[in-house]
Amino acid sequence: MSMRVRRLEARDKPAWLGLFKGYIEFYKATVSEDVIETTWQRLMAGAADFHIAFVAVDAEDTPIGLAHVLFHRSTWSPTQYCYLEDLFVDPARRQKGAGRALIEAVYTEADARGCTRTYWTTQEFNYRARTLYDQMATKSVFVQYRR
Amino acid sequence: MSMRVRRLEARDKPAWLGLFKGYIEFYKATVSEDVIETTWQRLMAGAADFHIAFVAVDAEDTPIGLAHVLFHRSTWSPTQYCYLEDLFVDPARRQKGAGRALIEAVYTEADARGCTRTYWTTQEFNYRARTLYDQMATKSVFVQYRR
Amino acid sequence: MSMRVRRLEARDKPAWLGLFKGYIEFYKATVSEDVIETTWQRLMAGAADFHIAFVAVDAEDTPIGLAHVLFHRSTWSPTQYCYLEDLFVDPARRQKGAGRALIEAVYTEADARGCTRTYWTTQEFNYRARTLYDQMATKSVFVQYRR
Amino acid sequence: MSMRVRRLEARDKPAWLGLFKGYIEFYKATVSEDVIETTWQRLMAGAADFHIAFVAVDAEDTPIGLAHVLFHRSTWSPTQYCYLEDLFVDPARRQKGAGRALIEAVYTEADARGCTRTYWTTQEFNYRARTLYDQMATKSVFVQYRR
């Protein structure tokens, strides 16, 4: 059985908050409540310049994983590119295909929009995630620089 | 003397074409004339969802290097992120600071817009570029996956 | 309970053959029967210029994992360096500490010989192994070139 | 004209000391005078378990670069492996082919001894060296762990 994935909805706010905070914590990062609320409001507003959100849900339709995806222009293609900025599955609900189903939903959406590239980044040492990614995508030879 | 950098203008089209094609060739990639023309038109149109372009110019005000920069939303910050998608300097005009000046211009613009992150990617084995990048930014531990 | 590790002995030949061949197969490599026999003979001969071998054994004293270790001179130290060339645990017997116990036995031997460095290499994408190695050693910034 | 490379000789001691210390300094490492003297004595003694040394020499036969090479046993091959532990060229004498000539001399020696592998490591960010290595060898997918 494949995991069910759907778009994030307003009633998902408590579950989404738990997932997004778990994701931020995974990166040992800090994001203020204000910024998290702003992100939630922007996801709900649905403007073209902001991310869309998918959730993988369990049998009770409760989100157990999330994906935030930005479609943006590129100088290399007339189409948009699909950037998967955030992907997270509740650690207690793993190994049931939620991550894979979320990526597949992202691919489906990217195809529907005619995107010529879908991409994301992950920490070199995130072995658990990379085990999945190696099955679904190709590790590029690109490294990332940040100021 | 620092290299002069300014925004790309309509009169730069021939020089820009030469630089952008040289850049594409560097990556052993192929981009059709149609797509290159679309990118030019979009750069000139100046829509908020498209890249802005900088050029490093010589004493005759002729572009010898380019930078294409996309400002986009993030789920992690109320501000925009600054993504330097393309950076290229004419191989015949290198070692005079054009690359560094272009990155500095990008930083200045990102600061003016309040961006909390400026980033780009490069091939792991692009040693010449990385020698410069190591001086101006931090190599992250992120690797990139692509479909 | 920690896994028991001891030196390889002549009576271990059948088990060692199974493990070493499993290890070679893991790397999708081919090593001829002749070469494997030569390696066995050299391990048994115990010359100073060849590897020593450890095995992790189960309750019946049957080897379920192996480690081959070469002690060699360095130009950087008056002591020998300890090079762990091979490490393998039977896939059917994993998650019981055999890999960790083998590395600990290598460390103990290296300490007894006064080695100032113990090192090994692994494939960048061998995530299962690296999860253990990240706990027991430090990933260096060195990459390997081969002719 | 190819750079001349020959084996290290006793009369090279002053030049060798300068090169080896420059090499150690390049790595921001510290090796005591005692250890350096021990390494020199061992190179001169010529025991089978220690490295052999090559030097690239200028027109006056003065060493301007060095290579220290260890031949050691492997469990994977009846032959010895050739490990290039140290390679260094005087920064003031670069870009004249000394590094390339030293590696070629190592390859020639490895071939004469029937080695089935010649290898070395370098820091991921040693771009100048890697530019040469990429032309003469293959970057493996192996990363190095150290205690």
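Order of writing sets the labels: A, B, C and D. Residues in every chain begin at 1.
Here, contacts are C-beta pairs under 8 Å (C-beta built on N, C-alpha and C of every residue); 3 or more make two chains touch, one makes a residue touch a chain.
Computed from a predicted model, the values in this text were never measured in an experiment.
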Select, from A-C and C-D, the pair of chains that is joined by more C-beta pairs in contact.
C-D
Since chain B and chain D are copies that touch, is their contact same (over half of the numbers shared) or different (under half)?
same
Rotating chain B onto its identical copy chain C by a Cα superposition takes an angle, to the nearest 5 degrees, of 180
From chain B, which chain is the farthest off, judged by mean CA positions?
C
Nearest whole angstrom, what separates the Cα centre of chain B from the Cα centre of chain C?
48
Computed distance of Cα centres, chain C from chain A, in Å
40
Centroid spacing, where centroids are CA-atom means, of chain C and chain D in whole angstrom
27
Can you tell me which residues of chain D touch two or more of the remaining chains?
125, 130, 139
Line, ring, star, complete or other: which one describes how these chains touch?
ring
State which pairs of chains touch, listing all of them.
A-B, A-C, B-D, C-D
Interface with chain D, chain B side, in the complex: residues 125, 127-128, 130-131, 134, 139
For a test of understanding, state which residues of chain D touch chain C in their complex under the given definition.
20, 24, 29, 31, 34-35, 38-39, 42-43, 48-51, 68, 70, 72-78, 85-86, 107, 110, 117-125, 130, 133, 136-147
